[in-house]
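Each chain carries a letter (A, B, C and D) given by its place in the written order, and its residues are counted from 1.
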Amino acid sequence: MSGFNKVVSNYQEAMAGLTDDMTIIAGGFGLCGIPEGLITEIKRLGVKGLTIVSNNCGTDNFGLGMLLEDKQIKKMVSSYVGENAEFERQYLSGELEVDLTPQGTLAEKMRAGGAGIPAFYTATGFGTPVAEGKEVRQFNGRNYILEESVTGDFAIVKAWKADKIGNLVYRDTAMNFNPMAATAGKITVVEVEEIVEVGELDPNQIHTPGIYVNRIIKGSFEKRIEKITLAKN
Amino acid sequence: MSLNRDQIAMRVAQELEDGYYVNLGIGIPTLVANYVPNDIEVMLQSENGLLGIGPYPTEDQVDADMINAGKETVTAALGASIFSSAESFAMIRGGHVNLTVLGAFEVDQNGNIASYMIPGKLVKGMGGAMDLVAGADNIIVTMTHADKRDNSKLLENCSLPLTGVGCVKRIVTDLAVLEVKDGAFHLLERAPGVSVEEIQQKTAGKLVVPEHVPEMSFDA
Amino acid sequence: MSGFNKVVSNYQEAMAGLTDDMTIIAGGFGLCGIPEGLITEIKRLGVKGLTIVSNNCGTDNFGLGMLLEDKQIKKMVSSYVGENAEFERQYLSGELEVDLTPQGTLAEKMRAGGAGIPAFYTATGFGTPVAEGKEVRQFNGRNYILEESVTGDFAIVKAWKADKIGNLVYRDTAMNFNPMAATAGKITVVEVEEIVEVGELDPNQIHTPGIYVNRIIKGSFEKRIEKITLAKN
Amino acid sequence: MSLNRDQIAMRVAQELEDGYYVNLGIGIPTLVANYVPNDIEVMLQSENGLLGIGPYPTEDQVDADMINAGKETVTAALGASIFSSAESFAMIRGGHVNLTVLGAFEVDQNGNIASYMIPGKLVKGMGGAMDLVAGADNIIVTMTHADKRDNSKLLENCSLPLTGVGCVKRIVTDLAVLEVKDGAFHLLERAPGVSVEEIQQKTAGKLVVPEHVPEMSFDA
């Protein structure tokens, strides 16, 4: 399936076309399920003025946090700033614009963006700072606010396995925001642990159909863990 | 005596019912999992995409791909399911989770809750808390009754940016169990040895005290 | 897991609580992936005045079509009336109220209902009879209409396998509307081909988490096919 | 000579490009799958939840759980994926399908399309057609140029209830290939042996005819 073979052989090719001031939708929750090599490539490219839509911004020296060091990010759309001192510092100092967005609203904004739904109502955030400037409307006597969807020039996604035409399978809680991010990029780039032949994945068990995926690269992952918590003996 | 963190968790655990799906926030709420009564079963939901949180892993079981919403390594319980963040919050926002337990900086007598930022000082972000308080029918807030300087955290009106409005139904503090309704805190139980007077003194919002306030019971 | 065992042993128990004038959300596409035994039980119960939200209404003598015979249905919310002469007749004569709803809007209305989203905007149906009486709003220069979500007193669902705590797996295109229906019922009843022990299903491969499911019954299915179409030799 | 159904499908197939995801409606559009050029590959989307429609099954392969949107038994192609109706229409509504081919009762010079009901006579319902025409950037309508009584189906304004507004870009009829833009039908090609005059006569809407109108080519 030549027209459907989406595998690229290097990171330059994977992120080709990324330029200053673009919007990137990123999968991952904390450092779990993040496209490590794609982020490193964005750092190498040195593009500036990025808007990044991602639940977190990595940690101080890993994941998306690496892009904060070189001030590549103009704006973050995230639910959680904690556990990243530089993120918090740049936010409080005003160097970095942060659109604090409830986690479920963020997930739904990505999904809606990929699904052609420009806006939806949610009770989440009604009466809070999140609701400022947003329309409030009642349905069945309850108050909801209007939230608009997000899409990106690029989406960067981490999956466990991909076949060559971009069907994806995630592993455990490394799935998180990745399936929605995959749908919301004009160009969706996926970094995976393993690329398999077309036909090896069960059609009933594909988490992200290949139609959403433009480029696939096999990465190698450090998979840093934020909090190793062990069972007591 | 005021309750310690584990005792607060033990008291919250008494609110669990067999067959409940429960989301436990970071901190004291997480400890609730240790005190689920033996005769019931609950399934714990983690908003990063796991229904059925199992025990913490042994060293051999540690897997970077398996974490909870607090970013701690966990395992999957028997019967667990794993899904995307959109699906996870569909569950939460849609009211399918039976009980949410979370911490707070402040609550007020109208059921408002502030838990995600202290302007100019602390910005962690709301994470999934705003979705959880908007989505759950049944919310228990756990916190100390007052801060370290003895300022009450049970207020007439929250002073910090809100996480949600009119959503808190029940509060378990180190001093008391309270219900929030009709614009007041209703004292239901007091910690063993804690006087009604101390609770009154440390509750800045409107407090309704019935004639008899039983002590909490920790009989297993 | 006594509190989580959702298996019921007979159809009366499965549909207990269903009364006149209730709303039922039903999975299935044509006759594919329909909860045959649950529909038969609704017919046996003889409840009237039902509103049924389902892409189709079965055929003249199978599936939901059986409920048309006894005039149990007051209103259908469907995208397709074709291939069911009695459905078309009752609609054209005015005996049956039909809310013709685009298929994708119908699927999204169910999903939104289950997900606590009371309403969303879609371009689907703008400028058509579907838009009548609905708010129109522009986002990014394009026209969208506001669609409200649906929920039901009951949802009736057909899955392939369930474990005893209600985790579901669907098979092939019999999935269709079933996953959304499963989320949108106050009481969700699932009829399956096989009930397995808890732990037998891979947590990464569950299509519907058990949290949405209230009752499970093992059925036996005729699986009637509407159009058998064969490869030419 | 006007084209037959298979010839219309053959002409539509020339619009396919390697790597396209395509949704084919019921009727003539379904036939397009038989004429995909040998040197390209496309994946066919079926809105009931299948990406990668394979051939019709042999008798042994028939499976009630595997049907297309026309409710015909099908198989899954190599590399297929199967998903819910919500996911299927997320794909469609979100503009991820490269090309949609569908039939119609009428189209008009503003790109409006009517395809789902004839009031008082025929009510089939829109099925997924409204989502498909609203979601796709690239829509080809296939139909006969006129009905059995020689009434044109290419109108100034559709007379029937609309399926979508301003969405049709290209039309392939038994007589011609036309582009819809700037409030007119632009004649691009005519069927072999069909005169421009016949097309003009059977087009009720505004028709723009260039100086030279090539005949369709069916060279493989």
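Methods note: contacts are C-beta pairs under 8 Å (C-beta built on N, C-alpha and C of every residue); 3 or more make two chains touch, one makes a residue touch a chain.
All values reported here derive from a predicted model rather than from experimental measurement.
Interface comparison, C-D versus A-D: the higher number of contacting C-beta pairs is recorded for C-D.
Of all chains, the one whose mean C-alpha position sits at the greatest distance from that of subunit A is D. The distance from the centre of subunit A to the centre of subunit C, with each centre set as the mean of the Cα atoms, comes to 32 Å.
Centre-to-centre separation of subunit B and subunit D, using mean CA positions: 55 Å. With centres taken as mean Cα positions, subunit D sits 29 Å from subunit C. Separating the CA-averaged centres of subunit A and subunit D is a span of 35 Å. Each of the following residues of subunit B touches two or more other chains: 76, 82-83, 89, 92-93, 134-135.
In subunit A, 108, 111, 115-117, 122-123, 171-172, 175, 203-204 are the positions where the chain touches two or more neighbouring chains simultaneously. Taken together, the touching pairs give a contact graph of some other shape, not a line, ring, star or complete one. Applying the touch criterion to all chain pairs gives A-B, A-C, A-D, B-C, C-D.
Every residue of subunit B that touches subunit A in the complex is listed here, in rising order: 46-50, 55-59, 62-68, 70-74, 76, 82-86, 88-89, 92-93, 112, 120, 123-131, 134-135, 161-166. Of all residues in subunit A, those touching subunit D in their complex are 1-4, 111, 113-117, 163, 165, 167, 183, 198-199, 203-204, 206, 209-212.
Residue ranges on subunit D touching subunit A, taken from their complex, read 17-21, 40-43, 45, 51-52, 76, 78-83, 87, 89-97, 135.
Considering their complex, residues 29-33, 55, 78-83, 88, 91-92, 100, 102-108, 110-111, 122-130, 160, 171-180, 207, 223-232 of subunit A touch subunit B. Here subunit C touches subunit A in the complex through residues 108, 112, 115-123, 137, 139-140, 142, 144, 148, 169-172, 175, 203-205, going by the rule given at the top.
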